[in-house]
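One structure, as structure tokens, below. Some questions next.
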Amino acid sequence: MRRLLAFGLAALVLAPAAHAQTGDVTRGRHLYGQYCIACHGANGMGVIGGRAGGQKREGPPLVGVGALAADFYLRTGYMPLRQVGKQPRRSRVLFSDAEIRALVAYVASLGHGPPVPRPQPERGSLSEGLKLFTDHCAGCHQVVAQGGFLTGGIAPPLQDATPTQVAQAIRIGPFLMPRFSPRQITPAQVNSIVRYVEYAKHPDNRGGWAIGLIGPVPEGLVTWFLAATTLVAVCIVLGKRLGRG
Amino acid sequence: MGRARAFLLAGAALLLGRRRRRRLRPGEREPIVTAPAPRSPDAELVAIGLLLAAAASGIAFVVVYVLDRLPAHTQLLGLTLGLAFVFLAAALTVTAKWLVPNEELEDDYPEQEHPDEQERVVQVIEESGLTRRKLFVLALGAAGGSIGLALLTPVASLGPAIHLARFSLTPWRRGTRLVTEDGEPYRADEIEEGTFYTAFAEGADKEALPSSLVVVRLPKGELDLPPENAGFDADGILAFSKICTHAGCAIALYRKPMFAPTDPQPALICPCHYSTFEPAKGGKVIFGPAGRKLPMLPLAIDGKGYLRARGNFDGPVGPSWWGVRMKKPTT
Amino acid sequence: MIRALVRFIDQRTGTAPFLRKTLRYLFPDHWSFLLGEVALYAFVVLVGTGVYLTLFYEDSTAKVVYHGPYGPLQGQEMTHAYRSVVDISTTVKAGLLIRQTHHWAADVFIAAIVLHLLRVFFTGAYRKPRELTYWIGLTMLTMALLEGYLGYSLADDLLSGMGLAIGYGVALSIPFVGANLAALIWDGPFPGSYAFFPRMYIVHVFVIPALLAVLLGAHLALVALKHHTQFRMSERESERKLVGVPTFPGQAPRSLGLLAAVAAVLFLLGGLVQINPIWLWGPYHTYSATNGAQPDWYLGWLIGALRIVPGFDVVIGHYTLVPNPFWGGVLLPLAFFGFLYLWPWLERRFLGVRGYHNLLDRPRDAPVRTAIGYAVATEVFLVFLAGSADRVDVLFSLPYVPQIWAYRVLVIVGPFIAGLLAYRVCVELQRGERVEHERKRAEHAARAARSRA
């Protein structure tokens, strides 16, 4: 509880949102022209069917996506995307914090869009979070947020997702994820979900070594490679008689 | 019995024969365990030490059990009890390998068969005195069979095995409202594109397979419903059974493209075996093992803007069974 | 003291001769003969821990709202069954240790049976006069699979509920009688009536364990009546003569040591390695699901099979003959166990293996059997691997759909390749031995000739 509270406070203090509006729009436009314009088009108008240097160059318009989306994609390392059409994956963040703030400020200036959310997990309810997560998220992300597969992509594990990023992803629906509006999942409910996701990073593993929290597959590995191997070794030790080869 | 003893004695004699034969004193019996026990005081000490360690671990388990405020209680319990058995196993291993005599004896395998006895068994049965033996056995079989049948008949009470109408029964009829898990009716205008909703038949048991729906909205222009599902949507809102037609898991995945030109098309996916259904095409299977499309429910929007069913599903809900395609869902 | 006890027993039961014989029963020498004992001792642990769990479990699917000490489930609606398992895992002192040990014991029990089966198959231990022992063993394996499935289904958590739904789908898919059968088992369509969980419960805690115990008794009695098989380790062993260590004092500490070792491994795992944390999965509802649901390892081959079968039902006109889950969920296990049950007969009929056998083959001694067994095992293993393709995609970014296609090809081609390979290896090994033998003889002859000269 205390940890959650501290985390929430830290999130408040450090929230990029606090700086997003203060980023340097001019610098952002410059960076945008360098890294983003090929796929997202001039002034964030988007590109469909574009090609450059033998590679596909297309991407959705950014007008109206707001600081929320720009902040999410840049801080997860989803953007810049290495190859158009590939699922964005969490990777090394290419920009410095100041550069991200500038880019976010620029994208936010393109049109009226939502700001970076500030989830307050300490205000959410853990049990409501589990319920909402089961209903809306577990089908893809697995019930303890260990990630999962769906035809066409994967749902990433949420171990590395910050509370802000979880709140952002709920609203954006990156790649193949559904997009949940405040009408479907209220900000208060987002707090609960974020609280649950934070819990799922260190859940109650009262049973001991958690072996991945995805159920029977690692359990089977332990059965064979730990238990069965040990017992076969015991059989060999016990089965060998002295004086026999 | 006597044979076994003879064999054992023979085996023992064989082993004995290898060593110097000792003359028995009067009143003394031939020893049975003839191999020498290894004299190993060190191993004995080790075994005793291990047994004592096992005893200590056993006590530790009881102590841990009593001190239930300890952190990682389950782990300490498992560790103490597990170690008790580890020490015991080690002690017994030492015993087996270094403390007890390691005799190797020979024994004959049992006789393959007893032709004489077999004949006698047959003889006994044949001399049973019955003249119409065949008929008697037949009648006995009839009695046994029918009593068995009689005793098995009540098994039919276990479930409605003959009348399978319940398998096609759904709570949906013309006008049934779609409600949330908490029973709140869904309004058409709250169903948004790019997301999915779980809905239930108003007033129905939510756990019954035909009750639950997955509801999505697609742009009307993207709909490509087959003729038999024409008009099933209400202003682009589509409702499907939430239960996979393959093996009955809940369709808890909705993939929707963030950017349609490069991403796969919208689809409903079952997380058990990844059957993938395309809502724009009326729930057609586009990947995975499902053999039947996802049942679709025709929708309408009432005067107050609430979503209602406009009839029943276009096919039976849940996993397929023998003849399923002939069944029409009924209310 | 001992004399008094023996006298007491003999006077009341007349079993002193039997006791003496038992104490001097011979166990031949090879570690692989202990694998069956591992299964036996896992079963002992299962019964012990299982009885304890029944003292707390509640087999009711009536709904209750949770207000126990575990935070994330506060206020959630769940069944009494699930709630009681959450309680065993949270509030019952040592309950979680026993529950986890029970679950690990089930996993290890079946692993040990499988290892034992592999040993029996590839050494030809099932041959006359031991076919009955073998068939009883196979029956115990099928019982154990069902028992394990029922066991984790009773918890009524999200994962187990999904497993039951799949079981229902598989039952429905049986041609002619599927729906009728499912109606009998579930008392109507899934999730069934209030009677379903009590039915599973009694089958899990009484019917199958009792059957297993009876079969186990018969299995052991048959082993003892016909005596153990043995490898030819020296000139002493033969089809008529068994060489081994007597139960007492030689074998007893070994067997008891193994019992202690099995208990040690299971209790250590039960305390230290978390298994099936149902409090994290949450309660089951027919309309909820979690990604990548998997059964326990011993049913993994079935989920793999269900996943790789292409999407089709066999339909004539408008009539559904065979729904899809039949192939992976019914036909594959039927074919597999059918093969294993029929194998002794097939071998007799087509490979001409007759007569009494007390001496075991090494796998290379019977290349055809080894090849066929290897092919079947490869098939099952490939299908088993296919079940984890989704996790492989998530962890190693190996795309799922191409993986499934690869498995579809592999399950057809793989067994043949594996079988041919095994056959070749056996033949080569035999040839190598023959050459070695010839060489030794030639050397011996040469030496003899030299010394004569």
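Residue numbering begins at 1 within each chain, and the chains themselves are lettered A, B and C in the order written.
As a convention for this text, a contact is a pair of C-beta atoms (placed from the backbone, for glycine too) under 8 Å apart; a residue touches a chain by one contact, two chains touch by 3 or more.
Computed from a prediction, not measured in an experiment: that's the story for all the values here.
Visitor: Using mean Cα positions, find the chain sitting nearest the overall protein centre.
Guide: Answer for the innermost chain: B.
Visitor: B-C or A-C: which has the larger count of contacting C-beta pairs?
Guide: Most C-beta pairs in contact, of the two: B-C.
Visitor: What's the distance between the Cα centroids of chain A and chain B, rounded to whole Å?
Guide: About 34 Å separates the centre of chain A from that of chain B.
Visitor: Between chain B and chain C, tell me the centre distance in angstrom, where each centre is the average of that chain's C-alpha atoms.
Guide: 12
Visitor: Measuring centre to centre with CA averages, how many angstrom lie between chain A and chain C?
Guide: 40
Visitor: Give me the residues of chain A that touch two or more other chains.
Guide: Chain A, residues with two or more chain partners: 135, 138-140, 148-151, 206-208, 234, 238, 241.
Visitor: Where in chain B do residues touch two or more of the other chains?
Guide: 74-75, 78, 89, 93, 96, 102, 104, 198, 250-253, 271, 274, 287-288
Visitor: Can you list the chain C residues in contact with two or more other chains?
Guide: 29, 96, 100, 245, 254, 257-258, 261, 265, 269, 271-272, 288-293, 390, 400-401
Visitor: Could you pull out which chain A residues touch chain C in their complex?
Guide: Against chain C, the touching part of chain A is residues 126-127, 129-131, 134-135, 138-144, 147-151, 154-155, 157, 196, 199, 203-211, 213-217, 219-220, 222-224, 226-228, 230-232, 234-236, 238-241, 244.
Visitor: Can you list the chain B residues touching chain C in their complex?
Guide: My answer: residues 1, 4, 8, 32-33, 65, 68, 73-79, 81-86, 88-89, 91-93, 95-96, 99-110, 112, 155-156, 158-162, 164, 166-167, 169, 198, 200, 206-209, 211-212, 242-243, 246-253, 270-275, 285, 287-292, 318-326.
Visitor: So in the complex, the part of chain B that touches chain A is made up of which residues?
Guide: 38, 72, 74-75, 78, 89, 93, 96-98, 102, 104, 181, 190, 192, 194-198, 250-259, 261-264, 267, 269, 271, 274, 276, 287-288
Visitor: Would you tell me which residues of chain C are touching chain A in their complex?
Guide: 29-35, 38, 70-76, 89-90, 96, 100, 104, 107-108, 111-112, 115, 158-159, 233, 245, 254, 257-258, 261-262, 265-266, 269, 271-277, 279-282, 288-297, 300, 388, 390-391, 393-394, 397, 400-401
Visitor: Please output the residues of chain C touching chain B within their complex, sorted ascending.
Guide: Contacts found on chain C: 17, 21, 24, 26, 29, 93-94, 96-97, 100-101, 129, 162, 165-166, 168-170, 172-191, 193, 195, 199, 225-227, 236, 239-246, 249-250, 253-254, 256-258, 260-261, 263-265, 267-272, 285-293, 303, 306-313, 315, 318-321, 323-325, 328-329, 356, 358, 390, 400-401.
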